[in-house]
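There are structures below to look over.
Paired with chain B in one complex and with chain C in the other, chain A is shared by the two complexes that follow.
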Partner chain A sequence: MGIEFERVNYQYTGIDEKGYLALADVNLSIEKTGEFVALIGETGSGKTTLAQHMNALLTPSEGRVRIFGLKISKETVKGGKLRLNPIRQQVGLVFQFPEYQLFEETVEKDIAFGPKNFGVSDAEAKERAKKAIRSVGLDESYLERSPFNLSGGEKKRVSIAGILAMEPDVLILDEPTSGLDPLGRNGLLEVFSRIHRELDKSVVIITHDMNTVYEYANRVLVMREGLLVYDGDPLKLFSRRNVENWNLNMPDVLKLQRELEERFSLTLNTWPRSRGELLKALEEVLS
Partner chain B sequence: MRNIVIGRYVPGSGFLYRLDPRAKLLALIILIVAAFLIDSFLHMAVALAVVLLLLLAGRISVKRVYLGLRPIVFLLIFTFIFQVLFNRQGELLFELPLHFTLLSVPVLVLAVFFWGFTKKFIRFRLIYFIALIVGIFALLHYIDQGIMFWNPTFAVFDEGLQTAFFIMLRLIIIVTLSTILTITTKPTDLNLGLEHILKPLKIFRLNTEEIAMIIAISLRYIPTLLDEANKIMLAQASRGVDFKEGNLKEKVMQVVSLLVPMFIISFQRSDDLANAMEARSFVPGRNRTRLHVLTWRALDTACLLIVGLFFMAALSTRWL
Partner chain C sequence: MSFIEMENVTFSYRSEDKAIDDVTLSIEEGEWVSILGHNGSGKSTLSKLLVGLLKAQAGTIRVDGIVLDEATVHDVRERIGIVFQNPDNQFVGVNVRDDIAFGLENLQVPRKEMIERIETYAKKVDMFEFLNKEPQQLSGGQKQRVAIAGILAMRTDVIIFDEATAMLDPKGKRRVLEYMRQLNEEGTTVITITHEMKEAVLSDRIVVLKDGAVLKDGPSKDILKDRETLEQSNLELLLPLEVMHRLEEKSLGDERIKEHLWALSLNG
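Entry: the complex of A and B
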């Protein structure tokens, strides 16, 4: 019982009377544990809108979302009696430009802000802040600094730490690695992957990077003009012919494999996830 | 928050879009002054009809302008109530002695609490609120037992009612006219128009181009900053900020968590904008040529003449 979407439509009411349909008839179910979901699609395809439904920041215009058994729909939210706040602790959402949410005097206070809002004691929140700052690859000396004197990448890490410190059951990340250097990006992805592996929590990550999708995800969702057009195995996605139709790139490893296959007229009947695996497959074929 | 239309340009066609911004600005000023000159029901009705006609002729959706009026409804009600309460001129229309006593005040407080608790379960909240107001008056009038603190009389006078009504209508006219201007005029055109209108102030050594630029930029950034505020509210809600609930201390924290990022974003945006302007060789105070030069056409003259006629008519109601 995790997050379930049932025939969800979402319409942005704009200044013109028509409005804009950002989600159209989305059906989807994400388990509480064990999933590493990559959410991909062009800009404006509805990825962020979908993510914001997952912790009840947005309410569907039609249809309903069930988050850990709590039914979110226009009717249930309307009265204002539904307590949405606990959901935000259970489902942690990292925004696309999380650095704008920083506001406290020190990094430590800012990371502790989320946990404290959910009733965690001061001492415990500080303890969590220490743990969180280390897990995003910064050392504890950062805790005493002002969040506004950090570089862009550091700000991003601190704000992600702010969500991690809330210890959510499901983690949703809206393009967490945009604007980071390759080394920093891989480091952060390892953090998310570890949370997924070691704590067995589900992670949903919005990304434009096909390598991330291919290497880490065990499930991929493709959004296109508000429709959920693909939901399944990343391997099958990249084996499909219509990858080009959806404006997706091939992951580097697969590109390399294809190149090798063409140049040396080989056929490798594998789907290597990393360069190491590709190398192993090559060795097997050559020996 | 996305529905706020103040200062927003909405593309469209119609003669209002083709008018010179200078003509539109002048017409706006003249019409606003005219709205303050007239003071009878008939003339007010005529003025409202003219505004409505303008909306229809310009093919602007009345619904959109009504949405623009919504944020000022509170202001309208507030001024109306104050005028009715404190303007005690003319003939007495209605009188109701009120008793604030040792008994009626606690009953009043109880009634408000009762309303606060039960309003969640009532479907027609506006009607319920009106019922509360009427109920409060009834309570204060009929319960006169106990020690009296204060014994005012609620009275409505015909002139008070009339002025209150007029002020409300004038505000509606002014806001509607200004909304028409911003809906039909591109920010850049508005900027140009303002620059021309403000030119006479140059004799006081005011840098009118800069003033016009400042006004145009602030108008332009209202919707952008609202969007940003919305985003930050969502981001903080994800961190457990419940903007609907909380005691005073928590409320302060909520506001701080919104305001600090807003300040930073505004400074950052203005810095970016300044850099972008400089990168395009903008030098404050330097004479610049224009890509689009404003052209005054016969339509503009005709428009100003008609507006001038309205003004003369309004003036004549006052002194003839």
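Entry: the complex of A and C
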């Protein structure tokens, strides 16, 4: 029992009272563990709106979302009696450019802020900060540092550690690598992949980078004008004939594989997902 | 004399570390140059120095022969326009028309001509139908196109794109790259600031920055395959070139494959 969307519509209302349907009849379910989901689509397609429903930051205009069994709908949320705090802890949402939200004097205080807000003791929050900083690939010496003297990539890691310290079951990341150079990007993706593998958490990542989708995700959701138009395997998605109509780029690895296979009449033994796998597969077929 | 000349320019923020360390660099009129570097290499600092948003502690910057200082900074900004990364932070008008007008008002362009220029350049970036729209009604890519129209309308000699595609979706990215190419073909000097080799390779020349200093400066087709320089500066070799290197190392594949991989790399 993870997160389930049942016929969810979400309507933004403008000043002019003219509505704008950001989500239209979305049905989907995400397991509590074991998933690595990429959520993709053009700007304005509804990705962030969808993600904000996953931890009840937004309530559906119609339909319902069940988050770990708790039913979120217009009716249940009305009156403000529904306790949403546990959900915010269970489903950690990392906003785009989370580094803008760092504010404490030290990295430790910043990471401990979230758990303390959820009633965790000082001592326990400090322990969690230690664990969380290691999970994002930084050593404990960072805890004493000021968050403002860190590089962009380090700041992003610290803000993600702040969410991890709340020990969520599901982690949702909104364009977590945007603005990072290749080294920072790959490093951070490895962090997510490890959180997924070793801590067995489900990860949902919003991205425009098809290389990330292809290499890391075991499931991809495509949003287009508020509709969920694809939910399934990444390789099958990129093999669809109409995929270009959705304004998605091909992953570099797949593009080059096809290009070389067609032009030089080769057939690789596998469908490599990463640079390393492609190099290996090409070596095999050419030797 | 080159159009832009930086001579021994040094700049530090409050800390001791030099963000820009003794950089000497010249850019010719009509060139398309990429400044390529990892996060924190100093590339955005460099672009801010060029438009006088930051003031160098040492060294000289000349634009079309004019030494950049407090007295000339406004003249220089009429020659060099800049488009930044975040489309939300640079939208200053209440609507698209107003936003494009902003730079022109500063230049005191007569009203009739201003209206003409706004319409011309809104058309150029396909935003003419959106002239009366407010920023919250636009996507990131659309806002970025408005920012570009605003700079184009000022008819500057140089346009700096400071990671201007970083926050855009693939379609938005492609369009902005296409404008860079078009503008350069029409004679504008274009400077692309980026950490993506895919974008840098489209320009004629690449300057690789590392720790505030110029690590390499040369034609794109040379820098592109310079594995050592790219590795030193935390940058990625383009995939077709990585494959080419691997095949060469292992003496695999024939010349046709290698030639094709090279051709693919040049297209980014």
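Here is the rule we use: the second predicted complex is superposed on the first by the 270 of 287 C-alpha atoms of A that agree within 3 Å, B and C clash if a C-alpha of one lies under 4 Å from a C-alpha of the other, contacts with A are read in each partner's own complex, and residues count from 1 in each chain.
Keep in mind that, in the parts below, contacts are C-beta pairs under 8 Å (C-beta built on N, C-alpha and C of every residue); 3 or more make two chains touch, one makes a residue touch a chain.
No experiment lies behind these values; they were computed from the predicted model shown.
Contact with chain B, but none with chain C, is seen for A:Leu102 once the two complexes are overlaid on the shared chain.
Look at A:Leu227: by the touch rule set out above, it reaches neither chain B nor chain C.
When the shared chain is aligned, no partner comes close enough to touch A:Leu70: not chain B, not chain C. Of the two partner chains placed by the overlay, only chain B lies in contact with A:Lys81; chain C stays clear of it. Judged by the touch definition given at the top, the superposed model places A:Leu183 against chain C, while chain B stays out of reach.
Of the two partner chains, neither chain B nor chain C is touched by A:Ala24.
Once chain A of one complex is fitted onto chain A of the other, the partner contacts of A:Asn55 are limited to chain B, with no touch recorded for chain C. Interface residues of chain C facing chain A in the complex, by the touch rule stated above, are 38-40, 85, 139-141, 163, 166-172, 195, 234-236, 239-240, 242-243, 246-247, 250, 252-253, 256-257, 260, 264.
Those residues of chain A whose C-beta lies close enough to touch chain B in the complex are 12-17, 52, 55, 57, 79-81, 84-85, 88-89, 92-95, 98, 100-103, 113-114, 117-118, 148, 162-163, 166.
Chain A contributes residues 42-44, 151-153, 178-184, 208, 210, 247-249, 252-253, 256, 259-260, 263-264, 275, 278-279, 282-283, 286-287 to its touches with chain C in the complex.
By the touch criterion given at the top, residues 2-3, 5, 8, 10, 61, 63-64, 120, 228, 231-232, 234-242, 244-245, 256-257, 260-261, 264-265 of chain B touch chain A in their complex.
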